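Both of the next two complexes hold chain A, though its partner changes from chain B to chain C.
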Partner chain A sequence: MSEAIKELLYKIADSELVIGHRGSEWTGLGPILEEDIAFSSIAQDQLGHALANYTILNTEFGEATPDALAYTRKETDYKCCQFVELPIGEYDFSLMRHFLFDHSESLRYEMLMSSSFGPLAALAKKIKGELKYHILHADLWIQKLGNGTEESHARMQTALNEAMPYALGIFEPGKYEEELISSGVFAGEKKLQELWLERITNVLDKAHLSMPDISKIEPKFGGRNGFHTEYLQPMLDELSEVYNFEPTATW
Partner chain B sequence: MVAKQEHIFQALSHVMDPEIPTLSVIDLGMITDVITSNDGVTVKLLPTFVACPATSVIKSNIKETLEKAGIRNVEVLLEDSIAWSSDRVTEHGRKLLTDFGLGAPVQIDGVLDNVQVEAATCPHCGSANTTLKSFFGSTLCRSIHFCNDCHQGFERFKPL
Partner chain C sequence: MSNTSFDPRIRRANLDRASGFGALHTNEHWEPYAVFHQDKRGEQHVFVGTIHAPDAELALLFAKEQYGRRKKTVSIWVVRSADIFSFNHEDEDMFATVPEKTYREASGYPVRKRINKYLHDLEESKK
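Coming up: the complex of A and B.
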């Protein structure tokens, strides 16, 4: 059982670490000051959530310290989905990724609030309110730009079409799926995807954006099993550069 | 000798939030328990936002402040079994926030809804005729609003 829970924790923590780092790349570059602050704040939350999950791995399962887990593992040990690894691109893509990923994260924690694994259930309850702000922010901008000008609508539609194969990769099933479901730890990626499709379709409709036909899309799987895009390793090098300069330093 | 609870709480009321320096950990509802024994004192601290960078600073400030007040063998433990909510901010804390120039959070009673996120009272003139400008402000716990009556922008402590 502990292997199954550990894998789930790594999947959550690694994705939050990587998307949090990507979000932080907007600091100083946001299209308007409020959006610069929004992406930076959301990134800060996500790094905090990653830390909380790494802390559970450390205290409940004896894994390495959170810093060591974040900074010293091999690329193939990371269990993040490929979606979060992609470069930030233009603001339209980053906003669409924020919308698609954060809805999945918000629903995942909603499901985990009733988890039979106590520490994760407690964390999910703590994080719930914070994610509410992420979702409100994402939904607002998806609708503003979807219903904005011809150009903003076209750009959001293109971003959605390009993001969707990767977004579906969030829900790549792991080898412990059945175990997690039957033990009441987590109701599973399939269930999560169902709930997610319902939520995002609702907002996309209001934004007059067309949901691509997902039955014709091949999801970008691999990340949850350690197979990553060419973008992850350079990002990890940058992320851990200061830490690895003097790993034994006390901060 | 067992340290007195009253003495400890008095000292804790001088441990301030580094980001809102007029508010103490008591005002913020961050102290869930103080356990005293012959061996020392254990303070249970409930962090606010999960990623709040002030948590570790507050933790060491509690230890330092209590030790300066003559209380020995202080241990500060993070409370992780319950979630913090802005509803825990005391009445006194809400008044201090307004005096500091920050809008106070509305009561959410367990579930945060969209209306509560937008509804803010202007700390300058007291008007409720305000508009949300941004969900995110200068720290994780603040959002940005504008008062339609006194025409000033202000930050508000987020309901959570």
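Coming up: the complex of A and C.
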């Protein structure tokens, strides 16, 4: 059982660490000051969520310290989906990824609120407010830009089309799905994807963006099993650069 | 001219002045909104500053970041600054009170001290 929960925790933590780092790459470069701050705040929240999950791994399952887990593992040990690894691109893509990924994360924690695994249920309740704000931020921008000018609409639609195969990769099933479901820890990636599709379709409709036909899309799987895009390793190098100068330093 | 900053994020952004980076375009002249911050339910919303935004919804979002991030916040209001009616500063003399009438100024009553003393004595007498 503990292997199943550990894998779930790594999937959540690694994705939040990587998307949090990607989000932080906009710091100082956001399109306007407040948006720059908003994106950075959200990134900071996500790094906090990663830390919380690594801490559970450390205290409940005796895994390494959160810093060691974040900075010293091999690329193939990371269980993040490939979606979060992609470079930030232009703001349209980053916003679309924020929208698609954060809805999945928010729903995941919503499901985990009733998890039979206490520490995850407690965490899910604790960060509910942060997630609510991330969704408010994402939904608002998707609707403003989807309903904005011809150019903003076209750019958001293109971003959506490009992001979708990777977004579907979020829900790559792991080898412990059945175990997690039957033990009441987590209702599974399939269920999560169903709920997610419903939520995002609802917002995309309001934004007058058309949902691509996902039956014709092959999801970008692999990340959850350690197969990553070419973008992850350079990002990990950058992320752990300072840590690796002096791994024993205290801050 | 490309930017050769030490910050990898800046390098990645590939900033190029010649491409018109930093120029203002249509829709970039946003309206100012006045922001009112409430730190506790039941307390008044207090004016804390302004924010530029294209509409009220985004003004709320920006205000949350700008004014709700660093201190305890339970609610925020935004109002289009253009919707606020005000006196002109040149009419300031209307508010002036002649020196003999300072008794009209509420600050003339140092009553808070007396109330506190009364409350304090009340507490003491209960002991």
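Going forward, the second predicted complex is superposed on the first by the 251 of 251 C-alpha atoms of A that agree within 3 Å, B and C clash if a C-alpha of one lies under 4 Å from a C-alpha of the other, contacts with A are read in each partner's own complex, and residues count from 1 in each chain.
Here is the rule we use: a contact is a pair of C-beta atoms (placed from the backbone, for glycine too) under 8 Å apart; a residue touches a chain by one contact, two chains touch by 3 or more.
All values derive from a computational prediction rather than experimental measurement.
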Subject >> Fit or clash between chain C and chain B when superposed on chain A >> reply: clash
Original post:
Just chain B (first), just chain C (second), both, or neither: which does A:Tyr133 touch?
Top reply: both
**OP:** May I ask you to decide whether A:Ile37 touches chain B, chain C, both, or neither, giving the answer as first, second, both or neither?
**Re:** both
**OP:** For A:Leu51, decide between first (touching chain B), second (touching chain C), both and neither.
**Re:** first
Subject >> First (chain B), second (chain C), both or neither touched by A:Glu238 >> reply: second
Original post:
More chain A residues touched by chain B or by chain C?
Top reply: B
Original post:
When the two structures are overlaid on chain A, which partner does A:Glu110 contact: first (chain B), second (chain C), both, or neither?
Top reply: neither
**OP:** State whether A:Glu177 touches chain B only (first), chain C only (second), both chains, or neither.
**Re:** neither
**OP:** Pick one for A:Asp67: touches chain B only (first), chain C only (second), both, or neither.
**Re:** neither
**OP:** Could you say whether A:Ala122 touches chain B, chain C, both of them, or neither, answering first, second, both or neither?
**Re:** first
Subject >> chain B collision site on chain C, chosen from 19-27, 37-45 or 109-117, when both complexes are overlaid on chain A >> reply: 37-45
**OP:** Under the contact definition given at the top, report the residues of chain A touching chain B in one complex and chain C in the other.
**Re:** 34, 37-38, 41, 133, 136-137, 140
Original post:
If you look only at chain A, which of its residues touch chain B in the complex?
Top reply: 34, 37-38, 40-42, 44-49, 51-52, 119, 122-123, 125-130, 132-133, 136-137, 140
Subject >> chain A contact footprint on chain B (complex, rising order) >> reply: 49-53, 80-85, 112, 114, 117, 133-138, 140, 143-144, 158, 160
Original post:
How about chain C: which of its residues touch chain A in the complex?
Top reply: 7-10, 12-13, 27, 51, 53-55, 57-58, 61-62, 64-66, 69
Original post:
Which of the residues in chain A come into contact with chain C in the complex?
Top reply: 25-29, 34-35, 37-38, 41, 87, 133, 136-137, 140, 144, 149, 238
